[in-house]
Amino acid sequence: MQYQNLRERVCAANREIDRVRLAILTWGNASEVDRLSGVFAIKPSGVDYDALTPEEISVISLASGEKVAGVLNPSSDTATHLHLYRAFPQITGIAHTHSPAATAWAQAGRAIPCYGTTHADTFYGPVPCTRPLTCEEIESAYELNTGRVIAEHFHMHSLNPLEIPGVLVAAHAPFTWGASAWQAVINARILEEVARIAASAEALNPGVTPVDQFLLDKHYLRKHGAAAYYGQGGDPGDRIVNDKSRGHR
Amino acid sequence: MQYQNLRERVCAANREIDRVRLAILTWGNASEVDRLSGVFAIKPSGVDYDALTPEEISVISLASGEKVAGVLNPSSDTATHLHLYRAFPQITGIAHTHSPAATAWAQAGRAIPCYGTTHADTFYGPVPCTRPLTCEEIESAYELNTGRVIAEHFHMHSLNPLEIPGVLVAAHAPFTWGASAWQAVINARILEEVARIAASAEALNPGVTPVDQFLLDKHYLRKHGAAAYYGQGGDPGDRIVNDKSRGHR
Amino acid sequence: MQYQNLRERVCAANREIDRVRLAILTWGNASEVDRLSGVFAIKPSGVDYDALTPEEISVISLASGEKVAGVLNPSSDTATHLHLYRAFPQITGIAHTHSPAATAWAQAGRAIPCYGTTHADTFYGPVPCTRPLTCEEIESAYELNTGRVIAEHFHMHSLNPLEIPGVLVAAHAPFTWGASAWQAVINARILEEVARIAASAEALNPGVTPVDQFLLDKHYLRKHGAAAYYGQGGDPGDRIVNDKSRGHR
Amino acid sequence: MQYQNLRERVCAANREIDRVRLAILTWGNASEVDRLSGVFAIKPSGVDYDALTPEEISVISLASGEKVAGVLNPSSDTATHLHLYRAFPQITGIAHTHSPAATAWAQAGRAIPCYGTTHADTFYGPVPCTRPLTCEEIESAYELNTGRVIAEHFHMHSLNPLEIPGVLVAAHAPFTWGASAWQAVINARILEEVARIAASAEALNPGVTPVDQFLLDKHYLRKHGAAAYYGQGGDPGDRIVNDKSRGHR
């Protein structure tokens, strides 16, 4: 099988979406890019997670957007993933879910304020919410334009996609990313938990305010960058993440 | 066993209601019609899902409403299913659940507005809520009148049951339908997820507004009709759905 | 073992509390009375459900309230059960849980209005909430007085415990009852689901009103009494309930 | 292996955090002190629960705060645990989770009022919420200062850590403690359930008031102290707790 390792990793990441209940039915997909080979691998469209095999994973050219391996149709969101890989050269994996709490914030059209350390550990500021797509953007090249609206938001607000590894698309749902498809799914889990806790915090205290900048700095930088001291050194969580994506449980 | 294939399919769909927690105890039922044979098969009344066998599934004449196979009493909601099969000749399967989020909207007496793409993928507009039944409708032929009130709502509002594959009965619970009993249960899962997310979106933003018509069009038509491009071609989700209803996991 | 059948039934009902997550840790207990023998069996105090054996179930004299079999201390709520068996001669089993949605209504000090058919199928009116106990009632014979306050509420409001098989004790939690310990646990499950859906319905529509009396009549009497037509005849759900309480899954 | 029994107990308690879903990913840690040996054992940083072994558990000197056994880096929250063991000589185990309902109260910056008996059984008053840490406290010795702010709160309000076995750190999450690592995790479960029910009670009745002092006294003292009569005698829950921490299920 061509791109075997990449497809196995992407298959495992997609199955994880189902295992941790980030999407019902086939409502989510994960991909990972191999920039040296100039391709990314992504879930096929409308196929159940529990029957998914590496052979069924589609492989797409980063240059042309055409399928280069796999017999099934790739995810209908493939053009969004393609645009994000082009717009954000720093990222290696993407996950798109419809996890309920994060999707509720997206439907409410609201960014998620940073109310606590669980948020600050991963997202160095609010999780942004894009503007709605226009009629024109929706009627032609919808999935591509979804990627464009995300990239536009990060560009206009000077956000670093490594520091804010996710976004809510208004009236739609979250996209997250990271150093691998697996890490993108991990970030989707974190986003869901953060979204759920933030909604409850607002219900308990309508006047709740975001954390101070110094708390945000402390928690984010404790896990990321040169001065990080969480975990066992190296890429954060790398040892465990790799184990898992090889099927270790 | 008479109608073996139909009864096996209906048994699998009913067990799925339990597996995905759309009803506790015996609070749900699914049926499927075979229009060539002029019968539909439905869950027996008050029997647990985990012990349910195809032999226990009741078979009912579409013409007379009488039981033609099965020794147990059919679901007490049989007259509702019967009326819906007669009123909506386009549908082949029906599911009735009391999934908590959808039931809360029904008890609140509110249609579910379309706040996002997960809704638009399946329901081409708000999920409607019927008027309450009158005293007369409840005191005689209650279950039949439940079907009538549903059909009346779709007729009065010119709704196409293929485009809006479900409804909330006021003060009661949801009914969904589709191209098979299995697909009706899938639609019940989607309705529950949509109901849950919509309630959370309203809590996060009391001024949330429904999606634009062009977004609704895009998402619905991406999955349904001649221009659909989601999935692997053919009836949407058909390959996987059939696998599942044959017991594949 | 003395009272073997009774203790096996009570052990199974208590384990069911845990299996369906009506209580965490040891926060629930179920009992069943054998009125001919003049005893009831109840969970021992503070013992985990998953290790519980019939031998560990305590047996209590209905006349004296003294333990007549079992080496462990009976539930600290034994005096409440005893008083309810004496006050409500129609009932055979009792369950006490701290399921979260029902307990929230109890802590809120509110009866649960009947907002829908799931409620009406089992509770022939609102699920009542007692008055708080006084300082005197709490400081002496607290558990006995808990039973007294429940019975007082039913007496003062002329409620029939067979028609309203449960209650919320203010600032505390629910008690439910039925024709067996198993049925009492079933009613605790129903109460939890009803409580959860009612809370969501109020959030979705603060002006929601209880169902009409004729809908309440229809649904309750469809399942209970001489004209019942739900299920397979005989005691409602009896066949399945008995299977389950014998360990069938 | 050095400190084998202690590390096995701490490993089991950490795995329990995962089993009962008090934290996703690696978002929680439990520790236990052996005051005779002058050490405490704690989870290593950033390691998954399901692969955790006793050998991986770090052992820390209570006097110096230095690691005395184990090759992995200890939890980044080690300095918080260390300070709590020094400030609260009565406690033997500590758990830190990010369970969603308790964390929402922490992010809302609110103590959890005692609205019912489930709360009163374990917490002899509101579960307090600390003040936010200052910029200075966060920028240097953050984790140590987290412990200091907790101890300061208990000291200033004359709270007894045995009577209030947990706290919410503002904008962060809960810490709980007890007579063992296992008991600290049990208290974290109780806190989560209490937090969840209290939030629902407020939503159902915005005017809900805390329980009377005499109800608080009754329930707390029914389980704790010389006059306790819940359970089977001895340390409350001791028999079962010990079984569990030895891997009994």
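The first chain written gets the first letter, and so on, giving A, B, C and D; residue counts start at 1 in each chain.
Everything that follows uses one rule, which is that contacts are C-beta pairs under 8 Å (C-beta built on N, C-alpha and C of every residue); 3 or more make two chains touch, one makes a residue touch a chain.
What you see is a predicted model, and the numbers here were worked out from it, not measured in a lab.
Between subunit B and subunit D, the least number of touching-chain steps is 2. Taking only C-alpha atoms, you rotate subunit C by 90 degrees to land it on subunit D; that is to the nearest 5.
Under half of the residue numbers found at the subunit A and subunit D interface occur in both copies, marking it as a different-residue contact. The chain with its C-alpha centre at the largest distance from the centre of subunit D is B.
Averaged Cα coordinates give subunit A a centre that lies 32 Å from the centre of subunit B. Of all residues in subunit D, those touching 2 or more other chains are 202-203, listed in ascending order. On subunit A, the positions that touch subunit B within their shared complex are 24-27, 44-48, 50-51, 72-73, 76, 98, 100-101, 103-110, 132-133, 135, 138-139, 142, 171-173, 199, 202-203. Contact residues on subunit D toward subunit C in their complex (touch as defined above): 115-118, 186, 189-190, 193, 196-198, 200-205, 208, 211-212, 214-215, 218, 222, 229-233, 236-237, 240, 243-244, 248-249.
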